[in-house]
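Right, I'll just put the structure down here and ask away after.
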Amino acid sequence: MTDGPFSMKINRRSVLKAAAAVGVAQVAAPFVISARAADKVKIGLDDPFTGTYAELGKNEKIGCELAVEEINKKGGILGREVELLSEDSTSTNTGTAVQKAHKLIDRDKVDFLLGNVNSAMALATGEVSAQAKVLHIVTGGHTDAVTGTDCHWNVFRVCNTTRMETNSVSQILFNEFGKKWYFITPDYAFGHTLQQGFEASLKKFGGTEAGASLTPLGTTDFSSYLIKAQAANPDVIIFLTAGQDAVNSLKQAVQFGLDKKFHIAGAQQELEVLEGLPENARIGTWVFEWYWNQPNVPHVKEFVAAIRKKNNGKVPTARHWFGYVSTWTCALIANQEKTLDAVKLAKALEGFTLPPEIALMPDKVAYRAGDHQLMPDLYVGHAVSKGAVPEDLFHVDKIVKGTDAALPVSETGCKVTWPA
Amino acid sequence: MNSTLNRQIANALIWALLLTMPYWIGFVGGYTSLASRVVVLALAAMSLNFLLGFTGVLSFGHAAYFGIGAYGVGMTIKYLAPSTPLGILVGMGVAAAAAAIIGTLIVRLRSVYFAMVTIAFGQVFYFIAYRWNAVTGGDDGLSGWRTLPLDFGIGKLDIAGQPLTFYYFVLALFAVAVGIMALLLRSPFGRTLLAIRENERRARFLGIPVEQHIWMSWLISCVFVSLAGTLYALLNNFADPHDLRWDQSGDFVIMAVLGGMRSFWGPLIGAAIFVVLQDYISSQTENWMSFIGLFFVLIVLFFPRGVVGLLRRKAAS
Amino acid sequence: MSLLKVEQVSRRFGSLVAVDQVSMTVEPGEFRAVIGPNGAGKTTFFNLISGFLLPTSGRILFDDQDVTAVKPANRVKLGMARTFQVTEIFPELSVRENLRIPVEVAAGHRLKPWQSRADARAMDERVDELLQRSGLTGKAGRLAGELSHGDQRATEIMMAIALNPRLLLLDEPTAGMGDQETYDVTQLIRKLHREQKLTVVLIEHDMRVVFHLADRVMVLAEGQLLAEGTPDEIAADDAVQEAYLGAEAETA
Amino acid sequence: MTQLILFNVFNGLIIGAFYALMALGLSMILNLSGVINFAHGGFLAIGAYLAYSLTPYIGFWGALAVAPILTAIIGLLVERVLIRRLYGRDPLYSLLLTFGLAFMIEDGTRYLWGPETLPFTIPDWLASPLSSDFFFLTGYRVFMVVLVLVTVGALFLVLNRTRLGIRIRAGSDDLETVSVLGVNVRILRNLNFGLGIYLAGLAGVLAAGMLGLQPTIGNELIMPSFVAIIVGGLGSLPGTLLGGLLIGVASGVTAVFFPSASEAVIYVMMGLVLLIRPRGLLGEEGRVL
């Protein structure tokens, strides 16, 4: 039931059931407005549940839900029950994301805002939450500006900056696979900053850039760029593509046999992407932001088991962890400070260390004062086409501490201004 | 005479509702910035309907001009000069120029073909916004600017700080735009547009140069849609390539049809229903797209004349 | 000086020659009918004159000006107006609005975004006059699409008249009508022609209408000019009898 | 550099062939029924997902044969139940209906198969390059082109030689006459719609082998198909084919010099065509007005 293409059991009955479920349960739902009691502490999640990022957003939501259940079991926030309100920001329409942020803040009066997977939305909703003075934890938007040039006093981030990702992996690439690199870079801020990060490393180590192809976001056919990469004859081809672009580019690179001639590598990689690739395309050196198979780290096993229960038996990915950590952060800091005042909480979060049962990482994990960036461990390793366990598609070779990979606060461009 | 009286009552009612919307929308589950969104999108749908409902020409690419307005205001404030009114004017000006050029290329096409070509041309602007990272911010959208207070010389009005102030700012511009469109539709020029909608061949043989009039109607429609686009960007403090995409155009069309294409206020009603419904359903279920899709299908099959058409038929019977 | 001069026009559709070297001269004030059996090329000939189609060869002169390639809208400006075989009106507008549009176009107001009160009054008066002349005053407020066939036709003719044409082209104005309606429309056309010495070219199927109205008749058959003359001459013409009237008489 | 351009011309032809496959289906439906099928990308996704679910049971080749047919059957049903009601009405309505349908299909596939990218596996021998110099000519791509050529060939054969095909072509030119001649137009349109959707389904199976399988897989592919139709000429199927190939090559070549314009270029092409030759390269006269 857990794997194989027919795991969804598409037969007549389940289609009918599905139709009935869509038709009845969900038609009925809109007209039964659940009473949103005033005495609950509300956490709003503004994340994509439809479109390209739907899977990532949904996984983050599952992580949030697990955290809320646990928090409520342990007495909630300030003794009050916690409620998670989630809104679909869509994957591409930032206007909708902003609107939903307004909705959560203005109408539902949430105490905390979480989200977004999409960097642009993370930035845009950060503006809204800052204006409304609501503590905001960015779950999964990686662009550096969130905790860099566009940082806000109320905005914290649990996922890494792109620079942390490139710094963590570049030494290994350089030492083990060669010093001539070619970049396949998606043409938007995320890709650009990743490439800049790698270029900085190259400069430091004295390597050369064989070239770079800027690929439009949403490219379906990568062959022109792969042809160019092949012609440049590098040691390593670095794929900075994410999500659907990563699936398409890697799938095609393998079909062209590039993996047999060059080493394939990149920065951020996600379990969701590896699962979407055919076995022969699960290759290369990457960075994971969290990984479920950490036998020696306490509490991870319990977390994996708990997520499996909520997730059709599938293991948690970094996205689940993002949702889980950001939700727990709200509870931990509010209970520690005994207040919901955003300014006080934000000040207390500077330098706040996550307890190991939440951090789920071997090293100390803390929010850095100054830019509000979480400093987690990074998992450098390589993709595995077929693991011992079906979902074990990544092998961790080295764990890099976030504090070692991140730029110092002074170089991030972040200057937090606190409200008067 | 009775119908004129009815119309005046309807007008008064609509303006009364619009003027008080921020105060009652909370009771129906909304919030002030949702009210602004309704008015902005209503302006877009009514502008589209100037072409669709009153000239009989189907554009499925109006989002492009909406988006040009949005980027126009954002880029002006970000790169050119810190002035909201200037930004609005630039946004509308650029959209007008684009519409004028595209218009000359397409006025000879009709019905489905016109729709198809407007979609395709709309995508050009979408791709410019989406791909030209250095200038438009690409997929990340155009951020790093914000709505600036209006400077009246004697004092400043901060339209961005309070959702309520912004709502009335939007409503004021809405009133001006809608007023101009209403006057145009009652003018001899407006009547030639109706003539084209009703019977293009007849119009041509009455001595109306049909292409020229369609081009002008297209231009007017695009300019007002771009005004809506500038307001939308000011509402979000953000311009987004998605604003220019064809599915956004589809939303405008469905708003017009839902409310009633033959009616001046129809698209306003359609926009209100659509925006509130979408806001509501998308909070209730992740499968909101199915409902919106189904909604499209049901409207087409059962309410092709829209809410106003339905009301009129009831009133007539 | 003749008002309309058609010189040797032809129109081909692929291998089919719909109109073959037809010439015609219409004098000011004349009422000319064009008749011919089905498929004789009457409507194509008409479309060439009104600018709906371009001729393959030949020339068309209106008021001594070459209008062969002039667009329909511009021919209207020169003083040509036409009606269609299938009534072409604005069905979802009132009769008043139907007439008001051509009145305003004729007054050169079509691009005006606003109208002065005096202008509006002048337009109203002109519309009232047209309504009255056609007997449609009582139906002015109704939607044109809801009128009877005959009234719709009258509306269409008045829309053409509203343009103050010097030449009125009527394409089978009584097609598909009952006797009473045919009579009413015929009377209206006759009245308009008489009242303002209007030059008219009429295509017609119904011989009663033709003989009742026309000064001169021209017969087309298989795209070619078969005969031309007064109604009486045509009625007496053997070739015409053979090609057209004979067949008509038999079926009638 | 010349080699690079040459590579990309080839490559553009491959992609263009794919666009053409989509566009031909769209074009057939547009010509006979006057419907712009916005849901065409949705049907492509259905074809791809069906193939994915069928592969474990009947293999890639079985899925390639069966999935498009199943998709076509769904298409036939959709036409019967929904689209048929809109013939003869303002084209606005069919546009909106298929637009809504596209939403429903995207969401439906997400509901049934989940939002995650699914791994679609093709036979190993297809998934490797044919030669190391022309490494971009993978077996799969060559196979795709061959299949598109065969399909297009068969389509034109059907249209020119069979009774159904001849009626479809005649109906596209002049529906009134065809119906007067006693052809059942309802059935004709139904079958024609099915045929168009079959092509979308086939394109879906092919796309799944090259791209990640996601509910939005068809969204990026439908617009180039529109452009292919306009460039090639409204009403002309050979034109559509030509249009597809041309825009494929144009975007392939642009990607060498100016990647971020590789999509915009096809719209610029369309603008030029409309400016210089409004009815499209092989379009029929009179379709424009």
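Here are a few things to note about the model shown:
Labels for the chains are A, B, C and D, by order of writing; each one numbers its residues from 1.
Note that contacts are C-beta pairs under 8 Å (C-beta built on N, C-alpha and C of every residue); 3 or more make two chains touch, one makes a residue touch a chain.
Predicted model, so just to flag it, every value in this text is computed and none were measured.
In terms of Cα centroid distance from the overall Cα mean, chain B ranks first. Taking each chain's centre as the mean of its C-alpha atoms, chain A lies 35 Å from chain D.
Mean C-alpha position of chain B lies 32 Å from that of chain D. Separation between the centroids of chain C and chain D, computed from CA atoms only, is 48 Å. Rounded to a whole number, the gap between the C-alpha centres of chain A and chain C is 74 angstrom. In chain B, the residues that reach two or more other chains under the touch definition are 131, 133, 287-290.
Of all residues in chain D, those that touch two or more other chains are 107, 110-111, 260, 263. Counting partner chains per residue, chain A shows two or more touched chains at residues 22, 50, 54, 58, 187, 216. Contact topology of the protein chains: irregular, matching none of line, ring, star or complete.
By the definition given earlier, chain contacts exist for A-B, A-D, B-C, B-D.
Touching chain C in their complex are the following residues of chain B: 183-184, 187-189, 191-192, 194-195, 198-199, 201-210, 213, 216, 262. Here chain D touches chain A in the complex through residues 4, 7-8, 11, 15, 52-53, 55-56, 107, 110-122, 124, 127-129, 132, 135-136, 138, 140, 210-216, 220-221, 252, 255-256, 259-260, 262-263, going by the rule given at the top.
In the complex of the two chains, the chain B residues touching chain A come out as 26, 29-34, 37, 130-131, 133, 137-141, 143-144, 146, 163, 232, 236-238, 240-243, 245, 279-291.
Those residues of chain B that touch chain D in the shared complex are 52, 58, 60, 105-106, 108-113, 115-117, 119-121, 123-124, 127-128, 131-133, 246-247, 250, 253-254, 257, 287-290, 292-297, 299-301, 304.
For chain C in complex with chain B, the touching residues are 50, 52, 71-74, 76-77, 81-82, 84, 88-93, 97, 100-102, 104-106, 109-115, 156, 159, 163.
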